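Chain nomenclature is as follows: A, B, C, D and E, assigned in order of appearance, with residue numbering initiated at 1 for each chain independently.
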Amino acid sequence: MVNELLNPIIIIIVALATGFLLPIVDKKNKSFTVVLFFMALIWIGLIALNGVVNFSSGAVAVEVITAGISPPFSINLQFGLFESVIILATTLIAIMTAWLMLDQLKENVSTLVLFLIWVMGIDGMIMTRDIFNLFIFIEITAICSFVLTGFNHNSNALSAGFKAIIAGTLASSFFLLGVMFLYYQTGTLNIDDMVNNQSLITGVIGHAALVMVLTGVLIELKPYPINGWALDVYQSAPSGIAAMMSVSVSAAYLFVFYKLLPLFQAWVPMITLIAGLTFVVSNFIGLKQTVVKRLLGYSSVAQIALIIMAITLLNGKVSVSLLALITGGLFLNHLLAKSALFWLAGMLNKTHVAQWTNLKKSPVVLFLFGCLLAALVGLPPFPAFWAKWELMMQLATHQQHGWMLLVLLGSLLEAVYLLRWFSGSLNDVKDEESSSPIRINTVTLWLSTVALFVSGFTISHLMGVSITPLFAPILAALFLLLFDELTGKTKAGITCVIAVFYSYDILLHLTGINWIFGLMLLMGSCVFILGSMYRDEQRRGYFPLLLLLIMSLGTLLQAKTSLNFFYGWELMTMSSYLLMNCGKNALKSSFIYLIFSMGAAYFILFAFALVFAQTGTIQLDAMNTISQYQTLIFACFMIGFLIKLGGLGFHVWLPGVYSETEDDYTAILSGVVSKVGVFGLLMAGTHLGQTINDEMVFYVLGWLGVITALLGALMAVFQEDVKKLLAYSSIGQMGYIVACFALMNHLGWVTAMYLSVNHLLYKGLIFLAIAGVIYRTQTTLMYKMGGLLKNMPMSFFSALIGIIAISGVPPLLGFGGKWMLYNAMIEKGWYFQAGMAFFASAIAFLYLFRFIHTVFLGQRKSEHKELVEAPFSLLIPQVLLIIAIMVFSLNAKWLIQPLSDAVAVYYPSTLTWTGTFLQTSQGYWDGYLVMNVVTGVFLLPLIILLLVSTTTKIQKVKQFNIVYAAERPDKPETTHVAYNFYAFYEKALGFWVKPRATQFWNSVAEWSHTMGSACRILYTGNGQTYASLIVLFFVIIYFV
Amino acid sequence: MKNEDNTFANNGLLPEEMDLFCNARPVPYEPYSIEVVEKFFNWMRANSLWIMAFGTGCGAIELNPLMTSRFDANRYGIQVRPTPRQSSVFVIGGYSSVKTLKRIIRSYEQMQGPKFVLALGICTINGGMYWDSYNTIKRLDHYIPVDVYITGCMPRPEALLSGFFELKRKIKAGECDGANRYVKNLDWYKDNQKRVIKKWDMPDYNW
Amino acid sequence: MEYWITKIAYYLLTVSIVMVYGLLLSAVIAKTMARVQGRVGIPLYQPFIDIMKNFGNRTAISHGIMFYLGPVFRLAGGLGTLAFIPVIYGSEMFSNFHFAGDILLVMYFIFFGQLGMALGAGEGGHPYSAIGIARGLAQMTSYEVPFALAVIAVVVQYDTASISQIVAAQQGGFMNWTVFTNPFAVAAAMLAFLGMTGYAPFDVVMAPNEIPIGPATEFHSSYLSLMQINRAIFAGAKLVLFMNLFFGGAGNLIELVAKTWAIYMIPVIVGVAFPRFRVEQSVRFFLKIPTLIGVLAIFYVQYIVLK
Amino acid sequence: MVIENILQTPLSNIVLITGFFLFTIGLWGVLTHSNIIRMIIGFSLISTGIHLVMISIGYLTNKTAPIINDEIKSELLTSVVDPVPSALVLTSIVISLGVTAVMLSYAIQIHQTKKTLSINDCSEMKW
Amino acid sequence: MKSLINRLTEQFKVSLEKQTKSDLCFIRVNKDDAEQLIRHCRDHESYTHLSFLTAIDRIEDNKFTLTYLLHNYQSHQSLGVHVELDRENPVMHSLHRLWGQMATYQRELKEIYGIEFPGSPRLNDEFFLEGWDQIPPMRKEFSTVEFCEERFPIREGRQSTDAKQTMKVEIYPGRGE
């Protein structure tokens, strides 16, 4: 009996029967109508669920035959795993949509009926194997869609609905004509029979028939340029209906397309082309879009096109289960995220993207919104991430490089407009309308989000990924999120403790370079978190994200497979982006960061895919067996990691981000996160370095590195904002590291790692010191500071140690880095690079002096008279870092030896130690002795001065007791030399650092938007134009 | 004028400027306790006269030829330093208006002891041709201690040189303690200064 | 231990000699310039008197701890730079601590004093100090480029960065000196030397008529003495460095005096003949011709000397 | 001559050609007339044309009506007209009726809300 | 010059005071008409340059006479405009809008004569005196000798001779009467 009730044919019967019953019941009892309606839907859902359970455990697909005759003479339905899954998903979406829209739907019982019949039509389309029957279900679905689109008599919706009718009717006309001709030639209406008798479809008639059917199906799949009507519908239809159209109806059509695909083998390249075009063009147009639902519409169109591409490109080439994994992952992701976003858009009732602001006030909504968008963009751990990864791997395996680029380009564009939307929603705008917290029913959104997490989990499980390291960071962050009510300091403490334990655990499992980076990054983060305790605010969300960041670094370091690496990379990108937005007005710059990071990630993904194509495995260790495209792969990695490092040309995100984010987080960004790029470089280098015979790529990289160093330093010279100055300085320092890495020999790599450690120590130190200063002075502009040495001697001392170390002046450890740098470069024969590096390091003096002078020396402002030393908790990490710097300065061997050993695995060591005496092929250096000599020569004059001073009366004077050309200084502001400090240098060399990169990227952005507007010219909004386009489309397909 | 802890009250300053200037009172320095040492240093002071490059009046024009080939004061260890911190000789170049006097005092106080003043021209002695000018001081030694006067209007560089020789002689003899005199009689000097300088918008002693 | 005490004693001896020599050198230069101008000029002992007089000043002021330490840093820079350069080839007595590091160490240690001085002057709070340092640093960035290229050329040529080995490689006749084996490198380095010494046309750092005397505006008394001593030692150290790198080093004190004298005359002669460059002019100057010569030097080493 | 040729062509072909002709006229109407009612008429013509085409596909010249029962031998099956298209046409007519009804109701609604029947006035959304 | 004066008298209430040279003459005008006249000269008669503004203390007439000296660069002629002010209440309209540098002259006159120019920028800032606490020093009733004796300590023993006498007797004996 139960089995009978769960027979798939019941789906149709239930729907029809309830459809008849509803108006009758409605006369008696309104509320029972609703109950009945939902019971019907739930029944359908249960049937599907039963199917899923049965078929996934291996049951054979059910063939339902009507009218007692066998096909082809009867209608038959097929109900297998795919069908049941899709029906289940669409039905669930339908139930939730109906629940959300209940108020509107139940006003008129006929809408309820229509909705039910609509669901039935969708399910019928999915199940039927008879092509004419398919036509009928298509028509049922279409008519219901038309009516439901315009059921609230909204003027826009009516226009859109009529356009949809024009397109839909044309589509079905083509479809019907095609079906009849196919029947004429094959004598059957059963799809399977037709596929089996494909040879019968010949001649002009056969060709025309297939083209007609194809056109009919494609129109409903909304490819560019015949989708103008659909976008209008998405924009104007009630949100729930739009959601259903976008996901459920599309699901049905996709499945129909998949069913009919065997008939269109000859058109597969063209369909791919159309889908590819649609994917890219829709995303280009999406860039220009400001209406939320239409934006989602473009995204929908693009996603469907992506799935079509996946199907057409991989169908028959990969196993069905893999194809199902890819398309299923993509589709499930689209289904859950897109429908939920449509609902959200409907509930919030904010038409334009610009109205989406102040979401920070409603953290729950923001969290859900962020998860949904992240899912759409394809960030981990959501299904699309895994699906896209697998798609890339498979495309690469089948040499579809062009398509890979297309997919990545489209994805990047989509990421741009979706994340821009997200970024805008974080904006704090002062206006009454949007500043109150949002009160909406988030149950359905929660369900979708949880479903996304679960499905992401499931898919990764299906892909055979070991889950614990991947999901641990997210779980830990979610766990910490539970304690978000605690005070900031407590949370910092908890985070620090967890991070220390986690680091300890991770470090036990790491070796070699990974271990060193692990120690550096994780321990560095722990030290910096200590600094985070200086603030009294609660800092909601900051610490969970920080933990996520740290643990994602752990994931990255532990990665044995490229998938794990990429996963960790993406997670790190995402968490660091979100952390940036804990700052006050970092939105714009952090958005740029995010976009560049997405671009970087896609480059890396592309490279991993190319590797996978050759090795067939995602093990990182297998990378060195590749035999072709080595240079290309390496270059892609380089670009990806250089973006993260802020290499020249890709650095435009960096200064803004560094200057706008929270001050203690900037230390982490500069000290830790930028090192991840270095780690990436070394990862690529260790695995690929040996395979590349062409030195050119390293040569280019080396030059890029030193030019970055030079221009980064030069840019830093001209900054007024202290954090921007340090940011450009970081760019310059990264330049040295890249150049050293590019040397591809032992000394070069040791230097690169040594410089990384150094940079972590001294730049972290300076950023922490300056964090205290900013905290006290409440400004980041250097010319508003000055003379703070008297108030904050400890911060000054930190900054002093930091700048001595950065500048490379002996005896501190910075010199070791510089010394090894030149030795390595001269050893390699890169003389001019060495010269340029020297120039860069000389320029570093300019900005370092400017920094320390304008902030700590010179004239103190009167309003800073009362300032006190930075908070104690900021000083502790500084002391730790100073101790580390001093220890490593005194005995460089303790630092260089492990680095050298780690690199010695890949290249033979060229460093020889005799005690503390270090020797390379050219030079030598004894850090310990140098330290002693310097101490000696420092003490000598000091003693002289002290002795002489005993006979002299020394008067301690105040800041205005200066020789001022016989005048007295007027104000500290006008006496302190700070603003435009290096005006003359700008006159001499400023033309080197015109913001060309910014201009370039601006023009890229401009060009993309122009591209978007050019593409959307075809959308005139006129139904007849759309009809003409459809006819033209048909003609073109016919003749191509 | 005085605070309880023997510092200056600095009444001329605005309240918010008080913290920007040092208000300590200078104290006189003692000669080296060993006489030979003192003599030795005096000899060196005499042979290393660093002039403060501040032309306070028309007489400054006579300083330029002093350094040229014709007179070559350089050979006597005389050279010009552009900052009062490093100079030891202040050559007052003739008449000094009240406005200039203020700058002279400021620069003089910024010089480090031992320091010497060479007053040039009749105007520094009794006002000279500006005897009835409402804007020119008549006696320089009422405002800062003067070691050597060179009279004339204008005295020629030769006269200047001979003035320097006199200064050297006095230094070697240990007679030039103008800086100490100034410090010891500071209140008298300050009274005189404040009597003519009505806009006293600086600390009482310019360190 | 005994070894180190001897080392230190030798070092102090070297320092004294170089200091006396440096001061005499400056006096002689001043005297020479005076003679050129038709004057008698200062007595040769004048610099000593000036220094002692400043030590003998009875009052001083201090703006703070960094101000106090600034001249100490400055002199430490000079002393340290000298400490890492072997002064006389083959002499144990005048070899200093050159085994602690190579030419790169010396090149970077030159910055030590400048940095410390900059900090001291910065705390002085005088605007001209800051301007002077900014100018000095700016000019330094540019003249270091040809100098660095020249040094790299030398290091490549002799395949060592050790100063004593560079000197050793130049022994055996004056034709082995770098100035003859690689004239481009020496030309570039000597042009850079003009900037390093701070004579006209590159004296905008001090610019006495413009920003009294730049960084040192607030320094006086003993501070000034230390700086004057450093000026002598530092100049001596730089001369010795140039002599070692480019002019075959010195085998004895007389050779040392003769060579350094000759080297020092170059900026002096240029200095009396030229007016002053603005900062941006000098920055651009060094980045044009001298840098080009430096590039040529490296090409010359790579493709002619080593082939 | 022409008439003769036409007369000689089988009936199904005439129907087929007529069907396509109607289809084309309908399409022409849809694409050229901006009045919604006229467009609806165009769509009706299109569907009528399609129905004619469907019938013509099933019709075989000189074949009998497809009334099949067990007594008719299987070889006779080749001598009857294909019944399936005719059956399908019925369904199709019903559906096109439904679509037309929806369209007309849309026309009414559009007229009520916008006071116009021109498709050109329905282009307020485009990009 | 004549024609200029004629043209001016047609339009303004001016009177020719004297023509000292062929290219320099002085006219007198009421204080209230001065601005209009000078503006006219600047805009229509090409007297585009303000050479100076100064004042003469005519204590005997109880008046100040302001002199605006204008210069015409085309004809190289100068025109002096005299304006008389009451000495008890010396107030003149500020003409700083005609020439920017006028404000400086006015500042000077304010400091040394005490003439008011309402509306002139920075009028009350110190010009070259610092902390002056007496009546304006260039007014004739201000006695510098008395002031000096009171303010500045004077060294004893200074002798003063009559310059005219000295010239006659000591420097150029036998010349002149």
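Just so we're on the same page, a residue touches a chain if its C-beta (ideal position, glycine included) is under 8 Å from a C-beta of that chain, and two chains touch if they have at least 3 such contacts.
Since the model is a prediction, treat every value here as computed from it, not as a measurement.
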Chain-contact steps, minimal, separating subunit E from subunit D: 3
Centroid-based (C-alpha) most distant chain relative to subunit D: B
Chain nearest the global centroid, as defined over all protein CA atoms shown: A
Chains most often in contact, by C-beta pairs: A-C
Centre distance in Å when subunit B and subunit C are each reduced to the mean of their C-alpha atoms: 36
Length of the line joining the C-alpha centres of subunit B and subunit D, rounded to whole Å: 116
Computed distance of Cα centres, subunit E from subunit B, in Å: 38
Intercentroid distance (Cα basis), subunit C paired with subunit A, Å: 54
Residue list for subunit A, restricted to those that touch at least two other chains: 951, 953, 955-957, 959-961, 963
Junction residues of subunit B - those touching two or more other chains: 26, 29, 83, 85, 207
Contact pairs between chains, per stated definition: A-B, A-C, A-D, B-C, B-E
Parts of subunit D lying in touch with subunit A, wherever the complex brings them together: 23, 27, 30-31, 34, 36, 39, 43, 46-47, 50, 53-54, 57, 84-85, 88, 91-92, 95, 98-99, 102-103, 106-107, 109-110, 112-114, 119-120, 122-127
For the subunit A and subunit D complex, residues of the former touching the latter: 132, 136, 139, 142-143, 146-147, 150, 153, 155-156, 158-163, 165-166, 169-170, 172-173, 176-177, 180-181, 183-184, 189, 228, 231-232, 235-236, 285, 288-289, 294, 1016, 1019-1024, 1027-1028, 1031
Touch list for subunit A against partner subunit C, complex: 787, 789-790, 800, 803-804, 807-810, 815, 818-819, 822-823, 826, 831-832, 834-835, 838-839, 842-843, 845-846, 849-850, 852-853, 856-859, 922-926, 929-930, 933-934, 936-938, 940-942, 944-945, 948-949, 951-957, 959-965, 975-977, 981-982, 984-985, 987-989
Subunit C-touching residues of subunit B, taken from the complex the two chains share: 26, 29-30, 41, 44-45, 47-48, 50, 68-69, 72, 74-75, 77, 81-83, 85-86, 88, 112-114, 179, 207
Subunit E-facing residues of subunit B, complex: 98-99, 102, 125-127, 131-135, 137-139, 142, 192, 195-200
